[in-house]
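In this document, chain identifiers A, B, C and D correspond to the written order of the chains, with residue numbering beginning at 1 in each.
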Amino acid sequence: MIRAAIIGATGYTGLELVRILSAHPGVTITVATSRQYEGRPLHKVFPSLSGSVDIVCQSPSPERVIGAADVVFLAVPHQTAMTQVPVFLQADKKVIDLSADFRLKDVRVYEKWYQPHSASEYLAEAAYGLPEIHAAAIRKARLVANPGCYPTTVILGLAPLLKKGLIDNKSIVVDSKTGVSGAGRSAVLSSLFCEVHEDVKAYKVAAHRHTPEMEQELSLLSGEEIAITFTPHLVPMGRGMLSTIYADLKGQQTTGDLISEYEEFYNQAPFVKICAEGAYPQTAHVKGSNYCFIGLKVDERTGRVIILSAIDNLVKGASGQAVQNMNLMFGLEETTGLKGIPLFP
Amino acid sequence: MIRAAIIGATGYTGLELVRILSAHPGVTITVATSRQYEGRPLHKVFPSLSGSVDIVCQSPSPERVIGAADVVFLAVPHQTAMTQVPVFLQADKKVIDLSADFRLKDVRVYEKWYQPHSASEYLAEAAYGLPEIHAAAIRKARLVANPGCYPTTVILGLAPLLKKGLIDNKSIVVDSKTGVSGAGRSAVLSSLFCEVHEDVKAYKVAAHRHTPEMEQELSLLSGEEIAITFTPHLVPMGRGMLSTIYADLKGQQTTGDLISEYEEFYNQAPFVKICAEGAYPQTAHVKGSNYCFIGLKVDERTGRVIILSAIDNLVKGASGQAVQNMNLMFGLEETTGLKGIPLFP
Amino acid sequence: MIRAAIIGATGYTGLELVRILSAHPGVTITVATSRQYEGRPLHKVFPSLSGSVDIVCQSPSPERVIGAADVVFLAVPHQTAMTQVPVFLQADKKVIDLSADFRLKDVRVYEKWYQPHSASEYLAEAAYGLPEIHAAAIRKARLVANPGCYPTTVILGLAPLLKKGLIDNKSIVVDSKTGVSGAGRSAVLSSLFCEVHEDVKAYKVAAHRHTPEMEQELSLLSGEEIAITFTPHLVPMGRGMLSTIYADLKGQQTTGDLISEYEEFYNQAPFVKICAEGAYPQTAHVKGSNYCFIGLKVDERTGRVIILSAIDNLVKGASGQAVQNMNLMFGLEETTGLKGIPLFP
Amino acid sequence: MIRAAIIGATGYTGLELVRILSAHPGVTITVATSRQYEGRPLHKVFPSLSGSVDIVCQSPSPERVIGAADVVFLAVPHQTAMTQVPVFLQADKKVIDLSADFRLKDVRVYEKWYQPHSASEYLAEAAYGLPEIHAAAIRKARLVANPGCYPTTVILGLAPLLKKGLIDNKSIVVDSKTGVSGAGRSAVLSSLFCEVHEDVKAYKVAAHRHTPEMEQELSLLSGEEIAITFTPHLVPMGRGMLSTIYADLKGQQTTGDLISEYEEFYNQAPFVKICAEGAYPQTAHVKGSNYCFIGLKVDERTGRVIILSAIDNLVKGASGQAVQNMNLMFGLEETTGLKGIPLFP
């Protein structure tokens, strides 16, 4: 059994790691940390775990984690993660970091969008944890930088087109919609029920920190520097993320042609499903699961392709993907512990 | 492997049976019927099944079902169920009926609240499928009448008190709140998003058909005829049911005393969890799971006890409970295939 | 024009006072205070006011308020209100206090449920601001204690029965459901979208501070000491409150008989509407308005009456009722500025 | 008083017309028609009207309407409207048609996206009812074609840029999000609470019938033929629409420059509000009102402008705009009856 530590177990992604790993046949959760709830059984913080999970929140002491775990999941804010990753790597632990701290290869880009980096010497070796693109690197990695939720939808949504050079790289526009759980379990005014209910809004317009992460990976896929326009929106639901991606096609492909390209590109990817022509993904259809559903349409009137890419932001957008990465790092079947069927309705 | 047929697979309880049974280690779904979607792969009706379930909807032909199944789940409306149950029983199938047709022992009561019964000769042998109360009968039954969602919350909520004779049986008031999925997947005005969103309402006030079902079981538990006042309410959520139950205590028990009674009563029941004093169940904490969470409070000022009982109406209130019954009928561990952790948030 | 000051204008009840008073033909808002947003235009805090309201938040200086206002609305927490009410009364202002500080006549009851009272000498003269019951006192009052949202639904729902002595006063059970706006505009974990969405829960079971307020008024109406059992619940909507009230009938009245009693009792009350037999109130049907809709049903099987009483908690449950009180205090038509039609859907 | 007839009063836009016109100081509703609810008081269909509106639904007899009304609002489906408009025009009534039947000037375009047109001789004289653009024509019109909800957001969002020629007309991408009320009050599966709750999806991708309407008006504004890419999305809320519009800037304008252009363009438009730099519109902030809030951001990294445009789809997107048009047609102040402050939260 793999012994897993979850650092930051009482946020929504921490809880989701607990939910998934508790049902994983090859894993035992040995440590769950929480400064705020130290000493409390986790099922008192989250009654949804009653009867299923029996672990007590500990303070995040590195020694204890090192002694008890083979793999460390960091579900802490960026800037906190960079102080902990080196400690666990030096103790020969495998580390899966759900924060942004090790996703960007270029420290200058990181420091432009975030703040100074105190552990940039690890950037080079960190594998970008999107298994559909980087499986080989992830299998060998000590440190995996788990992707952001928005980048997961967008990179998966564009990879086949970029790899084949089918679109004008300057024309990419990304319009994303997310549920409120993406904002985390923090008591802030903007996440109150009455502030987001019966509302749609854009936020961090053309200024969201996931932008450089997308651009890094899209550029890698295409072989050219890519800059995109990205607008995230908040919609009144708990889980779910849908990205609508627009790009100018260079050629005359039909919707059917492109669907074939996507099916071929993802024919070894167990969690990516391509919708049939005329069907489009809905976030409700992936809720609670590690799937990414992708749909396509060529707008023949304007020569653009529209790609729709849906995930559960807490699963494929965070904790499920982290477990998928763990499976690869430990030589397990990629889908182990992740076969749960979406919960609809 | 148990071969299971699901009659009526394209309603919400049918879909939930598919979701649960697909992940059950001892079951293969061999037949899923739907008049409306005959010939269509089920995952085209419910894209949430894409990649997980590969079965085509068939017309509900009894012969085919009989040839292919060991157990038949009926997820069809009452009045339809009573025409099918005899066919499957006569072919020596085990039958779990999710409709109301075989829940009431007294055909006159059934015919008063519903309509004439065409198969009343099977009422006597049907086991009322609430495993926490009737496990022995269920284990031996050919036919299990799966309880209604409201009765599940209310019977589990009151059983310990009635069994011990702790309350005035004339004083019971039940105020229940349900999510919209309980109304099924029918295109009716009253289930439209805009008609239930941002709204709470009572419906079928003191006139809901689950009333005699509750009264039958509560009377059995207490040994006295019991009549209750029951008001169901609709709240704007998809899944979830909470019943708030009021009764006059005969004695001077404290909240702690009663919690002890409940813990003892349910100490062999894997799906019933009693909340600690001061804590109360929330439907969000059982979503997607087969749990029933129960909380208690004695209102010392008035001598009443208040019991709160929460389930996922589609799981413990319908399809999960049906699978729990199947496990008992086939001699499997009661929790097989039902250990999924609730999905929160 | 009546010059109105709103103390605490940036909570939800404060905003609702601004919305209603801005459209009131006899009122000018001269002061809106907010410690947190001092100096900011109110429409920057609440963009919904852009184009309609042009006032800047001030610090809550009593002198400025006294110089600029004829009536002071206090939309501040209890305990804060009791320090301000004497100041404004001594300056000969009319005061409408939306907090709980002056609702209870018996200071010992107040101090048992809340904390010590520093201005109890004003309790006797405060009029309890439920116009349907206390219009005469309100018309003459300098100080009106605006009722709580729960008490508004419950007192209006029970008044005709208590006045006529038709029910067993010991048998009253109140089960209420509220939207999340009742918790106010505070950044607390329990009001986060992800914590209340897709959830129903009870809270402060048999322990809510509105209990003594209801009991005081119900006792006054009946002439006997009344104790009730009260359970509030939180449902996932922004606005709206529904109370379901249960009581044992002494006699054999039919639903129709009781509806006639209610229609007669409220025939001069412009904001109370009694539903026809078989119809029940929905919170969606009063949203944004000052109405209270009441429906009734006699459960003949058990001899109980079930009363359903619905309001918008921010309007008839708070700010609309405050303006209704102001109209009476200043000799205006009771409905002035309050005729807005509910917003459905 | 203007006597108004509402044809199709029991859909959501019909109800919204009733709500707005009932409070309009210059209007009396004399006829409200409904085939389905003929003979029923409207407040029995919509209890939200209880106490405010006392009118009985009639069958849609043209004679009765003609005898009783000065202006006819058609809130009926397209194809039905085209059969009624000529009747009312020939009887010298002013007609405001909320359907799509008279919005497109080119009958071939109409027949390509809809079906054959039986009254195309009236297309030329119909004024396109967007007062911020076509006030002069509306003032003189007998027939106003009230715009669709999507076009209202998009045309208002792009008009200043097109008028000044600031963007590349080939580069326009529109990504819109709507609440469920836009689908109307029809009992269809896709509008059920459980089918849209906790979900976001695109629909009619690059194929929505509002596309030619937008293109007609955008082309008129710019003086060039414009084709756009348009993707509508459904989000789980009742009311509200947000369009996010992307276009390539020809020049080097800053966000501030463009905001100045918009403020100048709309300085006579009482219902259009331009957000300050860094602020963006939210649908919750216009709920129940006739406002359109617009925000802007230049994405300097890519040279695109992002425009956000929010309305209440039932008010500025339908019934409120219809009343605004009526005000112009009858020489009233444009804002009469439309000054209601948005309901937040």
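Quick notes on this one:
Methods note: a residue touches a chain if its C-beta (ideal position, glycine included) is under 8 Å from a C-beta of that chain, and two chains touch if they have at least 3 such contacts.
Remember, it's a predicted structure, so these values are computed and weren't measured experimentally.
Against reference pair A-C, the listed pairs B-C, A-B or B-D yield one interface repeat, B-D (criterion: more than half of contact pairs the same by residue number). Between the interfaces A-D and C-D, more contacting C-beta pairs are found at A-D. Of all the chains, the one whose CA centre sits at the greatest distance from that of chain C is A.
As a whole-number value, the distance joining the C-alpha centres of chain B and chain D reads 46 Å.
In whole angstrom, the spacing between the mean C-alpha positions of chain C and chain D is 36. Chain A and chain D have centres, each the mean of its CA atoms, that are 38 Å apart. For chain B, the set of residues touching two or more other chains reads 12, 181, 194-195, 197-198, 236-239, 281-282, 284, 287, 345.
Within the complex formed with chain D, the chain B residues making contact are 12, 180-181, 185, 187-189, 191-198, 236-238.
Partner chain C is touched in their complex by these residues of chain B: 170, 173, 175, 177, 179, 194-195, 197-203, 205-206, 227-229, 231, 233, 235-240, 242, 244, 246, 280-284, 287, 295, 297-299, 301-302, 304, 306, 308, 310, 345. Those residues of chain C lying in contact with chain D across their complex are 12, 15, 19, 22-23, 46-53, 181, 198, 238-239, 270-271, 273, 275, 279, 281-282, 284-289, 291, 293, 339-345.
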